[in-house]
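Below is one structure, written out as structure tokens; the observations come after it.
Order of writing sets the labels: A, B, C and D. Residues in every chain begin at 1.
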Amino acid sequence: MRSRRLVLGVTGIRSEYDIMSSVFRAISNHPQLELQLVVTGAHLADAFGSTVDEVRADGFVVAEEIESLLNGDQASFRVKGLAIQLQGLVQTVARIKPDILLVLGDREEAMTTALVGAYMNIPVAHIAGGDRVVGNVDDQIRHAVTKLAHLHFVTNDESAERIIRLGEQSFRVFNVGNPGLDRLLEVPDLSCAELSARLGFFIEEGEPFLMLIQHVISTEIEQAYEQMKTTLEAVREFGIKTVLSYPNSDAGGQQMIRAIREYESLPFLHTAKNIPRLEFVNLMRRASCLIGNSSAGILEAPLLKLPVINIGNRQCGRLHAENVEFVPHDKNRIIEALRRAISDQTYRKSVAVCSNPYGDGKSSSRIADLLATTPLDNRLLIKDITY
Amino acid sequence: MRSRRLVLGVTGIRSEYDIMSSVFRAISNHPQLELQLVVTGAHLADAFGSTVDEVRADGFVVAEEIESLLNGDQASFRVKGLAIQLQGLVQTVARIKPDILLVLGDREEAMTTALVGAYMNIPVAHIAGGDRVVGNVDDQIRHAVTKLAHLHFVTNDESAERIIRLGEQSFRVFNVGNPGLDRLLEVPDLSCAELSARLGFFIEEGEPFLMLIQHVISTEIEQAYEQMKTTLEAVREFGIKTVLSYPNSDAGGQQMIRAIREYESLPFLHTAKNIPRLEFVNLMRRASCLIGNSSAGILEAPLLKLPVINIGNRQCGRLHAENVEFVPHDKNRIIEALRRAISDQTYRKSVAVCSNPYGDGKSSSRIADLLATTPLDNRLLIKDITY
Amino acid sequence: MRSRRLVLGVTGIRSEYDIMSSVFRAISNHPQLELQLVVTGAHLADAFGSTVDEVRADGFVVAEEIESLLNGDQASFRVKGLAIQLQGLVQTVARIKPDILLVLGDREEAMTTALVGAYMNIPVAHIAGGDRVVGNVDDQIRHAVTKLAHLHFVTNDESAERIIRLGEQSFRVFNVGNPGLDRLLEVPDLSCAELSARLGFFIEEGEPFLMLIQHVISTEIEQAYEQMKTTLEAVREFGIKTVLSYPNSDAGGQQMIRAIREYESLPFLHTAKNIPRLEFVNLMRRASCLIGNSSAGILEAPLLKLPVINIGNRQCGRLHAENVEFVPHDKNRIIEALRRAISDQTYRKSVAVCSNPYGDGKSSSRIADLLATTPLDNRLLIKDITY
Amino acid sequence: MRSRRLVLGVTGIRSEYDIMSSVFRAISNHPQLELQLVVTGAHLADAFGSTVDEVRADGFVVAEEIESLLNGDQASFRVKGLAIQLQGLVQTVARIKPDILLVLGDREEAMTTALVGAYMNIPVAHIAGGDRVVGNVDDQIRHAVTKLAHLHFVTNDESAERIIRLGEQSFRVFNVGNPGLDRLLEVPDLSCAELSARLGFFIEEGEPFLMLIQHVISTEIEQAYEQMKTTLEAVREFGIKTVLSYPNSDAGGQQMIRAIREYESLPFLHTAKNIPRLEFVNLMRRASCLIGNSSAGILEAPLLKLPVINIGNRQCGRLHAENVEFVPHDKNRIIEALRRAISDQTYRKSVAVCSNPYGDGKSSSRIADLLATTPLDNRLLIKDITY
């Protein structure tokens, strides 16, 4: 018998780790819990910045590194990577025999973790289930993971209600708020000069500029190149400095990168494979507008009162504050929205008072407490649906 | 462009293939469809009778054999086998590029097929979703597969309603009845003498005898040995000839087999690793009672007016006809139920007029027609939930 | 920096572990070495007795269990299992970062270990290379492993010479003798009554009896059933009590088991899936003759002065003492050889004075000393061939 | 029975396919042979140019694509990719059941193909065994593959002799010459203007320029960045236009690319991820010197009378013509060698009359004839060593 419950967290990519690190910290610091991490997927890929080093630097125990990201762009490469990751994770879990498995979201990591827990009879705590983002395989994965997981730590009331309507027993569902917001407010401020120096891209104090983050939608892979081009054309025509962060490692990502490369030499554009969290948050604090389809626009931007232009179908239909405007992949519509977001003072005032439906910055300690106190018994392990 | 839609069916074990073979036949015979099969899992394991040969003998095109069943009994071996199977299936689907993927049930095959379809943007037709069998990882898998699949061919009204309440769009859901019943009525009759000869176990015309099929429940693996022993003790004490079919390849199955081996030399008991369908159906037609926890008792027995004693938690709570009695793992309770099922004429008369909520024997052609005519467009591919 | 060198041993099957356990013990006890084990393959398969429990009971640190044995009989199942094992072993070695990898023989484990060491730049010590057993894929594997490994601990002079002629640098080659013999002499004596009781098979003091161990040859898989039948027929006709140990998990093994099952009910025959070492050695000490094609006949029997009849091509051409007679798969030839081995006193006297070319029982400490003292530098890591 | 022998070729990377394509062509055109290809590894990786499209464009039957290249730079990523590739290849070979497997060289493909053939009892023809390139895991792999393969098509007399000394039976060994040279002479000539246009880099008629191709050595991964920098510094100081082709996907390759990126903006340097064969050969015909450590310098350059400066340990000790000079990773030594190769007329004259020990341009048809006529019997399948 262990004196403390051993939680095995699984993390697969920078964007998700940014949300999870405060949760991992809260677990590590909890007197009744012990934390180990499995680091996999894009974390171990040089092409995505080998962010495993950042995880170690944060002081967490890395129980295993599981390489799983294939170098490819075929329709099959994500699910083949999932198979490889699953095979590795089974081995890790059989060795460590954790008391609880913990994972966030709707990527391959969420599915492999949930499958291992379900088959090996180990409770799975899943963060951020119940969200609804139509138009992406991730949406199917997220709900399937909900059906496999034993504890649902959701980030907002809509998701809590949705999960219960999907047949989950209500004792399993907790609205803890979005833990990604916990770190947001604690990130130190950088001066504009220091931020510029760290980026290698000059931004004057008070100068308006954009952040651009656009990911691929799995059902629109073939349009990925054109979608990215349309956005970049709009930004060029609007004529404003822009900091672009590379897309995720999804199929089609390579096509977007091809489009980006065509603009990389233009002076208005600064691109980065991977913007560290410190710089990222400071950029958000100073940016005039965030455009693309990043979930940061939905989740974090309202806390910082940052206007967001969400382009295309990704994030469509999600619960959001007043700071987000949705536009199609149309150059003129994007330019028009940029004008409103940057120059329309009435609009900017309405954004300045928006409130965030995704949490209050205390999610991590809530999660840790629940992991420490939930009875790990057959009621938890044997799932029933309510219909 | 293919002139006919190519359906790739995935089959993993004898018990599932018995249900699916009439569906596969209907697809093969349909003028607008072409069928290829992936054969995997227990079909390729000598320990389970290498039933792939039977699939070939039935005349189906085997597009790939994917060995995936590990020789083990650890908690991890099923999910590790799932990973191996998934890695192989990705390769097959990338090569064949089928128009539709087709799979039944809640075993590893269902999950791997659904994952491949979801990530590779190929519609997945799933048979027998929406059932509710609490107490087993298979239940979680079944509902998770529902969240990944695009077409739901359910076997009864309860399941149809449950799937819709789970948030699936109703245009995806079809109650086709249970295709496993289609073949049941077509199986030729054997004389009692021929049946005895084929089994290598003498049963006299009119002589009462039992069929015994008991599988492991994944949450009760450690009781597997005792559960099987309790049943065998009850049967021995009741004193009646019994034909026993080996349990599935689930974790714990080996423990049940150990219990069976202790009784194998006793004259009342005939055991078989794998009873061919012809003999199996004729045994059901002639048996006095079916005991254990086989789904055949729930699904097929009512059509044959066969009394069933279901022992333990497997199948508990499932929609069933009047022919099924549920008892716990208790020797005396089993004996008592045996007496009622075999000697209580009032009870036997009530069974003789029961009706089957699982279908009318025409499911296969219904499924084939739906596979041929459902539009394979974005409405089908892009899933939304209804909440 | 570690204070002691960390040796990671890889073990995959009972027969090999019987040889290696004294080496593992010597390493564990060595002041400059630390030992951890990877347990894989047949050790984890219920069908082969789950011998991992025995490894743990011996007190060794099991760093990882890697399930890899597929339940199958196809030509592909061994090499697919090799792939699965390799994928798991990479993960383990990347985690543990041992100073030296250690493995014996010519099975899948030897190949996966050697590949991991070669690619990950970790020295591989290989035991029992250089032997020559024509007619089996294992022979090719053994020599290929020699080409990948950095240290060759061979068991006899012929093998040492052969490895050097194969182009290996002589500073890498050490004839340490066969470590399998180290334990042989230390095994406690059992009385005939106790041995009988443990086996569940009565052997009278002084009563002549046979041991029979026959494995499949990979190029003669299709004859496996007939070969086993021929041997069993000869033994039955000769009319002598026989203790049979089941074949290995190679392709074709299932066919042999089918043949064995046809004789299992006969009183002269006692069969066992897995005879523990204590019983095994005491059987060898008391048996009149060992027949089949087990390597124990070549390696260990001479130390115990036990006559051996080696049937068929396996072991053909190996260095052997005067105690071994080679015969083909021919019933009459086997019977004739049995007569000579059991009744021909001249022959038995010549066996009684044979000497063992495979070692003196001190191999294990020799290996441990070499592992502790060999410089782990680039001279060791960068292999050259001598031609 | 097939009327023609089915040869399954396995190809994993552009550099190897350039050598093999003429062999594949000769097999396709042979009346007694049929060819199918497995395309795997770097061929399917966007980061390396997705050269599978080129294979299809050449008209070959692609029986399977097997993604296997992980996106990583750890010591483990090559051997983990090998495991993934092996698992896929087993499935392909079990499906296709070829008469012969064919592969070239010493990369992961060679090992997986040889393992599959050895375990599944299918003859493996291996091209370019017996070479000796110390200092790289590839050397160990090459000789291990020799121990597993059944037919050795070597490219020069030294390798033939070496393979025989390594214990291979001489009837298995054929010096066919290097098939990579077959295509060399048939590549059409481009004018200097057209070549410039295709490269996007201007080279004047008669203008001296360099080709630079430098790969990582697996035992010197940590020096990869510095090695590349040293070479680029030497070239910059020498002051001559240079066309650089990116390194292979080996561990450390990413480090080299980092060094290249620091020079990419300089006008003397043109870089390309992947230079198509037509341009590559025309560059070799016109270049003043080839530097780095590419095998093209050893194998092809002599036929084109091109001076070569081989830097560092890769290729060291290989049979070579008078056109190659070996220097260490030392800027001044490289500059000195460049001066000799480009300006020393006596040296350039000696290169102009060198002869190629690696073949005459007719290797492919020789290989095809041998594949068509070698008896595929037990003599071929059951390997013995000659010692």
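Everything that follows uses one rule, which is that a residue touches a chain if its C-beta (ideal position, glycine included) is under 8 Å from a C-beta of that chain, and two chains touch if they have at least 3 such contacts.
Computed from a predicted model, the values in this text were never measured in an experiment.
Colleague: Counting C-beta pairs in contact, which comes out ahead: B-D or A-D?
Modeller: By number of C-beta pairs in contact, A-D is the larger.
Colleague: Mind checking the centre-to-centre distance between subunit A and subunit D? Centres are C-alpha means, answer in whole Å.
Modeller: Distance between chain centres: 42 Å.
Colleague: Take the average of all CA coordinates in subunit B, do the same for subunit D, and state the distance between these two points in whole angstrom.
Modeller: It comes to 52 Å between the two C-alpha centres.
Colleague: At which residue positions does subunit D touch at least two other chains?
Modeller: 65, 74, 76, 80, 84, 87, 91, 94
Colleague: If each chain is a dot and touching chains are joined, what shape do you get: line, ring, star, complete or other?
Modeller: complete
Colleague: Residue numbers of subunit A touching subunit B in their complex, please.
Modeller: 74-76, 78-80, 82-84, 86-87, 90-91, 93-94, 111, 114-116, 118-121, 132, 134-135, 137, 139-141, 143-148, 161-162, 165-167, 218-219, 378, 381-385, 387
Colleague: Which residues of subunit C touch subunit B once you look at their complex with the stated criterion?
Modeller: Interface residues on subunit C, with respect to subunit B: 44-48, 50, 65, 67-74, 76-77, 80, 84, 249, 254.
Colleague: Report the residues of subunit B in contact with subunit D in the complex, numbered from low to high.
Modeller: 64-66, 84, 87-88, 91-92, 94-95
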